[in-house]
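First the structure, in the form of structure tokens, and then the observations on it.
Chain nomenclature is as follows: A, B, C and D, assigned in order of appearance, with residue numbering initiated at 1 for each chain independently.
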Amino acid sequence: MRIGVFVCHCGTNIAGTVNSKGIAARAAELKDVVHTEDLIYTCSEPGQSAIQKAIIEKGLTRVVVAACSPHMHEVTFRRTVEGAGLNPYLFEMANIREHCSWIHDDYDMATEKAYEILKMSVAKVRQLEALVPNEVSVNKDVLVIGGGVAGIQTALDLADAGLKVTIVERETTIGGTMARLDKTFPTIDCSACILTPRMVDAAQHENIEIMAYCEVDKVQGYVGNFTVDIRKKAAMVDWVKCIGCEICMQKCPAKAPDVFNVGLAETKAIYIPFPQAVPKRAAIQVEHCRWFQQGKCKVCERVCPADAIDYEQQDEYVQKEFGAIVMATGLDVFPWEEYYHEYGSGNIPDVISGLQYERMLNASGPTSGHVVRPSTQGIKGQEPEEPKTVVFIQCVGSRDESVGRPYCSSVCCMYTAKQAILTKSHAGMDTEVYVFYIDIRATGKGYEEFVKRAQTEFNVKYVRGRVSKLYEDVIDGSRKVIVRGVDTLLGKQVEVAADLVVLASGITAADGAVQLAQKLNISYDEWGFYKESHPKLRPVETNTAGIFLAGACQSPKDIPTAVAQASGTAAKVLGLLSRDKLKTSPQIAIVEQNRCVSCWKCVEVCPFSAPQKQEQRDGTFKSHIIETVCQGCGICVATCPVNCITLKGFTTDAIIDQIEELLLA
Amino acid sequence: MAQATDTTQAAGTTPPGAEDDVKVVGIVCNWCSYAGADGAGTARLKQEFEMRLLRVPCTGRIDPLFAIKAFEKGADGVLISGCHPGDCHYSEGNYYARRKFELLDRMLPFLGVEPDRFKYTWVSASEGARWQKVVNEFVTKVKALGPREGRAL
Amino acid sequence: MSDRQAKIRELAAAALSEGRVDYFIGWKQGFNPSEVIPAFVRSADEVDELVWNPLAHHNLTTFLKRKMPDPPNARIGVCVKGCDSRTLVALLQEELVDKERIYVVGVPCDGIVNRRRIEKEFPDEVVDISFAGDTVTAVTRAGDSMEFAKGDLLFDHCNTCRYPNPFYADDLAADPVPEPEDRTPMWGSIEEFEALSPAEKDAKLAEAFETCIRCFACIHACPVCVCWDQCVNRSRRPALVGQRVDTKENLMFQMVHMFHVAGRCPSCGACDRACPVEIPLYLLHRKMNKELYDMLGFEPGVSLEEKPAFQTFKLDDPFGEH
Amino acid sequence: MKFLAQDQLQAFLGHLAGESRVVAPVKGDDGVVLFRPWSPGTEVELDVLLAKQSAKEFVFRQSETYLRYGYAMEGEAAAVVDDSHEAKIAIDDPAELRAAQDAAVTAHATLVAEPVNDAPAQVIFGLRPCDARGFVQMDNVFGGYGGFYFDPYYNAKREATTLIAVTCRDPRSTCFCTTVGGSPDGTDGVDALLTQVEGGYTVETFSEKGEAVLGFSGLADASTAQTLYAETVKEQAVARVDIAFELEGVRENLRANIEDPGWHELAMRCISCGTCTYVCPNCYCFNITDEMVEGQGERIRTWDNCFNPIYTMETSGHNPREVKSNRFRNRFSHKFWYYPEKYDSLLCSGCGRCITHCPTRIDIREVLSVMGAPRAAAAPAATGEEA
């Protein structure tokens, strides 16, 4: 065995705290180590070729690189050693950066620790064996979870490239958040005018199947071969018959809160969210339906020209096979009412969220595009009042530790500017518009200019400072919302008596995102946003091979960014599925059958049913692990009492040797 | 977090070879805790010096006997860390591990190993700060107990 | 007692003469009349050597496990006490014993005498032990005799027994003996050890395991320890346990046994009784079962349906951080 | 013949401890009597006839390091260089490559090995004649009998050991020394023999090592009465040991009965542990293992036993004695057939420990009276895969 040890300086990242040269020299005393070397940037071209040079010229049969985290460069160096003709699995990485030089200050101690980490890696590399990947065939169909703009974009890109795509959308229509927006910044072009054609394209695309009002119930399998159980929720309407004529909706006597319009208006128990819905199909909200709640009514059944109503309908389950899965589950609006009691907890009618205002501005919205004060709505013989003074408050549920949302929602500054401008155009230029902000984040193309326009052209008054309190008061006979805050630029208290206050409520992960992540075994951060595999190098992949991210499910995004990422994701998926066979990791478990005592504990514990009872020539049964099914977790290995199951790359001997090496007096 | 910064003060201040020089083995899963430790490193979160990490795919891979072996071979503390329940990359590994290590945790004191010398916990890939806190608190406790020379286990 | 003995003989004879089993495992008197040992009876006319008395401590289910039956496909009749039946159930849970090939005679039990407690009382050798009601009379070779109250001689797990009647049996050798209303387990003598300081515990263990001779009696006598020839304690690859026979490795050796039977061992005490140097193995296994019970309310071998504790889990197991 | 007064016993042991380590039967807190290194003040347990284990362990260690070795990397290994590299990694000709490699790497592991054989002088006090005879029987194996292997490790300790035995005043029902040619007052291998009499012990010596112990000043000359008393004690003891089976013809019968199904019957209750062989004063099978970490290692000899299921496992995976009853048969046949054939001596001194310590009380006397006697024409053995 000829081991080569390469110790990285990583510039000063490592060498600043660890004597890379020193431990490289010391490593020469370790058994089987025939070559040691320290390199300034091992991952650089010269660094990698140094390794290859040594492998070839000194006939190294094992390689240890002491540098950064294997999560960073294990793949890189595996390729490097493979390039020099060495099996890539005869390589081990010692993490002396993230786990040492970056977390310690004392040079001598850090150096000592780095050497111990290196020794452990050498002990492990001695135990490694050459491994060869398996190949599995790939299912080329793609599942897109979420039918918002990101999901639609990914689906269309993939479908155009010839792949079969299934969009699973939990609402009755695709469109997501964007479908609820009026205009989009910075172009102020109509949101629906951009989106609805794409929705129709998706619906009509021969390669796309839209499964609306469905949810992913269970996911099994692995990259290239996922098996997904999908639950078709009972709409109480036969969608094959339904023609989306809306008659049921007009005749239905039962009112229900209008979720699509964020509660600004009411809809019916049987409903279609909006006129351009795709698919345009009705569904009954059972909890509001008279028939289901009181056992009488059935008006919809009587009026339906297509005889589509089916009160007996049950949830259905379908199972489908996919090669890749794209998460595009989008976002929800931060529930500010629960957190901002100083803003009235939602009890002040004239304090509304940005999304509510978006609906108000929308021509097909509850007020047909008229800007009104909700407190003056629905009063008999009185027209709703148009606000004369409108105040926008930014960063509600963003950049606010006190409500556990330290992050920036990244879209509020811009949509506030947009809404401020639209307020002028809807309610007249004479409307007083204030924006309370912390900082203006206008980083996108044409964004800064857009904000400037709001301030100059539309004379929107930007006040830098937080609003500490909102409360109602009656000033000269008319009801106002008093906005009390501070102007940090002038350094004085300001108070505005507003007719309408719009909160730029931030973005939070979609409701249920975490539960879904757990079904797919992908990781997520503390706010429920899905975690990318690497923030810079693998921004659209998850840690679970074959599962990708698109749009705001990963982090708050505006439309252009979401769409750009969605197309990037599509490209990644295409890259994956362009192959007919996939190499699977060879770091899997294997049974040494002549030692198996047939206790079947492995069969019991495996989450993937990889171990099977295999009949032997003598008629007895021994455990056998199906290579392509095994995911290499090693649960069976730790459960096997005789230790006759070996996890390649993480053998018990390798682990024990590392422990003993470390504890060696 | 507050605590983390507190314990940070003490981090890495022990000179090598001091009598409270202890050896601590950490066995962590590849997907969550190892990545969490990476995160802590990337964020330059200072940590106690004595922790040495061993990477395995999943806490489900860890045989309680590894911990016992470590103690037998002279470890002064053993830390096991993996994905939070529900987040296991292999969906179930940490559930099996949780049972095994709960039993180990309860048995070790009976076998003459002080409770503070063993801990099993969950640190996700995004919890670098938590990792720092876990390491510093654990190692500090082990240091307080000192080395376990001349112990049978 | 003797009625149970008669019934055992009767059931054994029937099973053998009807050809339902190839051989029948019970207990018989040892060479030393004060000892009872396992008996293997192959024909109905041998059944008279079968005995039942409070010295019948052997857990005969050990002879059902992998590699024990001779021939391997033999149909076997076996006697089980309440505690023995729990190891049998544990074996059946994992299909380590073929239900179809065994005929089980359950013997309701009112406590087994720990012979070692008697022997400790005499320097001389005990050659006869007789029972009259709750009085036990022991006679030595020199003819000295001493009387004991049976209650003082019982095994720890008999004093704390909650399941005196077999869980699993095809026939019973007697009507079930009264069972305690309260099935909450009691843990007998471990509290004393629990009370020691870590250093003291370590010292005690060191003292005990220093004398271990690694004879594998504990492991081979254990009914649920089935690896036998493949036991990882013998294995050099992986080398989980060093072959050096010293206190540390001896302890490690026992840890392997303990953790490999965790969740399947009802602490029947077979290992403890088999140990030639009297290492208190029972203490360790008892503690393990106590903790399992506190953790999960789990008792091994009390239901054919349940899975061994470590081959399953609950999403909401009530421990660990969340 | 000398006399050692009971009250002089501790002083006597103290005297012996002056020159050498003293090992004696001592009762532990758990009431278990074992041979343990003796230290002044420690009570010696002579009432309990047999210590749990024989004294074998102190000459033929259960686990003995007899070789320490280390690998050191020498030669030109480290090529500690800076960051500039022009990679020329194209050497096509394998021979040329090989040459380049050997030229480049002179680093090689050198092995340093050093034998270990500590044999401090020791006195094993309070063992029984059967234990002492056990050593004599084992001597054949390691002592180069008939030009066979001479083991320096065993012999170094054996020579440095003085055996002071005590007559079995009260043999147990499981004792059968007389059956196998021994005696409760046997002198085989005994350097000095104590016999318990009124108020103390008579002391006889049978070798130079034995005479050496007479140097103790606390010894008196034994009175005639004491001498006579000792004789009586011995006679009574011998009378109390039963002849357990007919030794005559055992070897032949074992050979004849090798395939007899009786072996299966007798082995039924055997759990195939190693207890009998490990408590036996002369079972000598051993195993050899290397324990190594980071180039530093020890070669260890540890007891093994023929009941170990993998005792005869071959690297091919084939195991000629996979069947339990075959291993069972081996132990008795070895002691009373194979061994005698090779060394012209039995390998059993009749201490009976294997009987009293067997978890299922398998009785060597029963086995030999059944299988060591003529059997009805051996029926084909019940074949079984049990092991």
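The criterion applied here is as follows: a contact is a pair of C-beta atoms (placed from the backbone, for glycine too) under 8 Å apart; a residue touches a chain by one contact, two chains touch by 3 or more.
All values derive from a computational prediction rather than experimental measurement.
Both subunit A and subunit B are touched by which chains?
Chains in contact with subunit A as well as subunit B: C.
A-C versus A-D: which interface comes out with more C-beta contact pairs?
A-D
Could you put a whole-Å number on the gap between the CA centroids of subunit B and subunit D?
Averaging C-alpha atoms per chain gives centres 44 Å apart.
If you average the CA atoms of subunit A and of subunit C, how many Å lie between those two points?
55
Report, in whole Å, the distance between the mean C-alpha point of subunit A and the mean C-alpha point of subunit D.
69
Distance from the CA centroid of subunit C to that of subunit D, rounded to the nearest Å?
Each chain reduced to its C-alpha mean, subunit C and subunit D end up 30 Å apart.
Can you list the subunit D residues in contact with two or more other chains?
In subunit D, nothing touches at least two other chains.
Indicate the residues of subunit C shared as contacts by at least two other chains.
228, 240, 310
For subunit B, give me the residues that contact two or more of the other chains.
Residues 63, 69, 86, 92, 96, 100 of subunit B each touch two or more of the other chains.
Please output the residues of subunit A touching subunit C within their complex, sorted ascending.
Answer in residue numbers: 595-601, 604-605, 639, 641-644, 651-653, 656.
Give the list of subunit C residues in touch with subunit A in this complex.
66, 94-96, 226-228, 230-232, 235, 237-240, 260, 307, 310-312
Given the complex with subunit C, which residues does subunit B contribute to the contact?
63-65, 68-69, 72, 84-86, 92, 95-96, 98-104, 106-107, 109-114, 120-122, 151-153
Quick one: which bits of subunit C touch subunit B in the complex? Just the residue numbers, please.
Residues 193-194, 198-203, 205-206, 209, 240, 247-249, 251-252, 255-256, 259, 262, 284, 287-288, 291-292, 294-296, 309-310, 313-315, 317, 319-322.
Of all residues in subunit A, which touch subunit D in the complex?
Within the complex, subunit A contacts subunit D at residues 2, 9, 21, 24-25, 27-41, 46-47, 49-50, 52-54, 56-59, 84, 119, 123, 594, 657, 660-661, 664.
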